[in-house]
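Below, chain A partners chain B and then partners chain C, in two separate complexes.
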Partner chain A sequence: MQIIVDDFDRFKVVKLSGEVDLHNSRDVKKLLLGHLEELAHILVDFTELEYIDSSGMATLVEAFNLSKTKKLDFHIVGAKDAPLQVLKLTRLDSIFSLLESREQALD
Partner chain B sequence: MTESQQPIISIKNLDTHYGDRQVLFDVNLDVQPGEIMVIMGGSGSGKSTLLKHLLALKNPTKGSVHIDGLALHSASAGEIKQLRKKMGVAFQGGAMLSSLTVGENIRLPLEHNSKLDRQTIDIMMRMKLELMSLAGFENLMPSELSGGMLKRAGLARAVVMDPKILFFDEPSAGLDPITSVELDELILKLREAMNMSMVIVTHELDSAFKIADRIMVLFDGRVAQIGTVDEIKHSDDIRIQNLINRRPRDEAMDGDAYLKRLVSGENS
Partner chain C sequence: MNMQNSTEISCKSCTSELQKIRSTVKSACGEFGFDSEKTSAIVLAVDEACANVIRHSCAYSDSFKLDLNISREKNYGVFIVIDNCPPITEEQLCPKSDNPLQPGGLGLQLIHQVMDSVTLLPHNGSGNRLEMKIKI
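Moving on, here comes the complex of A and B:
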């Protein structure tokens, strides 16, 4: 897994690529919670994400919950293929804000 | 699933004995990644023994079993332990620990095999309960669940670590038809979303025909046929047709073998 962080408008973009699983989801959590503690709005970019397991999804739920507490925006961008299927299977697509592009977050 | 991939499970020329009694004879099977392989057969056909081999609970007398590239007969205890983290097992009766709540049972594999913190583990556990339509049941004791619920709770525990391979022993046994159909649909959903390979042992034909990519039929420890649902349904093997049509096995009795068993006690 690779994580690249950059800025887009008022958002911190956390771009995940490769596979998020039990071995590295703690890194994702630390990063996301860290940015949220600094009151950053978050876009999690899934466009190059090949696989995310339940620990990764649970991490996103924790981060999303913290964003709500802190009244910050939190969107997932570009979910497709297996990660999108996992989101649907776990019905997390009903919780998260799923966007097709970063620009949609500006609407 | 594609046929050209390296099989995730490969069984070659497997023979097994319990004492002097041979129970599996020259079993060969490849399971491809993402494939649902159903093992069917009557009582005493060797299904459960084969499952024991796949779970590395029994060593073959002859032949080999490879799972995810690991030769089980020569693997170290550490390698087997690592492999088991990639394997989920759902047992017939759910096999929940009766002294723990449903939630504690489901959390158990994560608590033993990951360094995730409690909150992440709890969310993962609840996600699996949601998936199994058991939301809100985490604080109940297993004894407070119905048979169908226990089976789903067992499945939740089996998949809580997102295994690459799921082994499921008799998913439909003891369930009413509607619950059984729901469980079949859940199995298919799991495969679709998580690309899990599955080996499912069952004697329930409707369930097998609904979920299987391929079916292996065992009779008296021997592979009668491995094929797609259509191939099995239209098999020329009279024993398979009898199994499908639920006819007693004596119509397909091998007279010579029976005579041998009666006269000399030989089982092959």
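Moving on, here comes the complex of A and C:
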């Protein structure tokens, strides 16, 4: 798994590549919660994510809940294939804001 | 891999082994003839089962052993996860809340959603045996 962080407009973009599982989801959690504590709006970029398990989903839920508490935007961009399937199986697809592109977050 | 026979892998109860487990399950699903969507779901379910063992049964200790046996039984793919951790019961496993935003139980929920049957039993008095079946 690789994490790249960059900026897009007012957002901090956290781009996940490869596979997020129990072995590395804590790294994602630490990073996401850290940016939210610094009051950053978040885009989680899934475009190069190949796999995510329930520990990764739990991390996103925790980050999403913190974003609501802090009144910050939290979007997921480019979910497809297996990661999108997990979002649907967990019914989180109806709760998270899923976008096709970063630009949609500016609307 | 010839799925007329079973496939077995044995590894330490360590999160770094999960990628190897997923790769093995994916290959087996190809042999069974599952499409890519079903394969992804099965890979997820077996990964969740093994992750649950590492997290809950072994409490992240890598001193235990985890075995995965994959076989075909009539029209079913059978995935059996055996560990030598302290025995647990299904009652000890946290059920998932109806609210997707509540933490806990997500992995178990996914296993039950994907698989046609899930059975957890003690294994030889010194571990656990989780059997998951899905129709081919």
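We take it that the second predicted complex is superposed on the first by the 107 of 107 C-alpha atoms of A that agree within 3 Å, B and C clash if a C-alpha of one lies under 4 Å from a C-alpha of the other, contacts with A are read in each partner's own complex, and residues count from 1 in each chain.
Definition applied: a residue touches a chain if its C-beta (ideal position, glycine included) is under 8 Å from a C-beta of that chain, and two chains touch if they have at least 3 such contacts.
All values reported here derive from a predicted model rather than from experimental measurement.
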item: Clash or fit (per the criteria above) of chain B with chain C on chain A; value: clash
item: Which of chain B and chain C A:I95 touches, first, second, both or neither; value: second
item: Touching partner for A:L33 - first (chain B), second (chain C), both, neither; value: neither
item: Which of chain B and chain C A:L22 touches, first, second, both or neither; value: both
item: Which superposed partner A:Q85 touches (first chain B, second chain C, both, neither); value: both
item: First, second, both or neither for A:T59, with chain B first and chain C second; value: first
item: Which superposed partner A:I3 touches (first chain B, second chain C, both, neither); value: neither
item: Doubly contacted chain A residues - partners chain C and chain B; value: 21-22, 53-55, 57-58, 61-62, 82, 85-86, 89-92
item: Of chain A, residues touching chain C in the complex; value: 19, 21-23, 51, 53-55, 57-58, 61-62, 64-65, 81-82, 85-86, 89-92, 95
item: In the complex, chain A residues that touch chain B; value: 21-22, 25-26, 29, 53-55, 57-59, 61-62, 82, 85-86, 88-92
item: Interface residues, chain B side, partner chain A - complex; value: 114-117, 119-121, 123-124, 127-128, 130-131, 160-162, 189-190, 192-195
item: In the complex, chain C residues that touch chain A; value: 15-16, 18-19, 22, 37, 40-41, 43-44, 47-48, 51, 54-55, 100-101, 103, 106-107, 109-110, 113-114
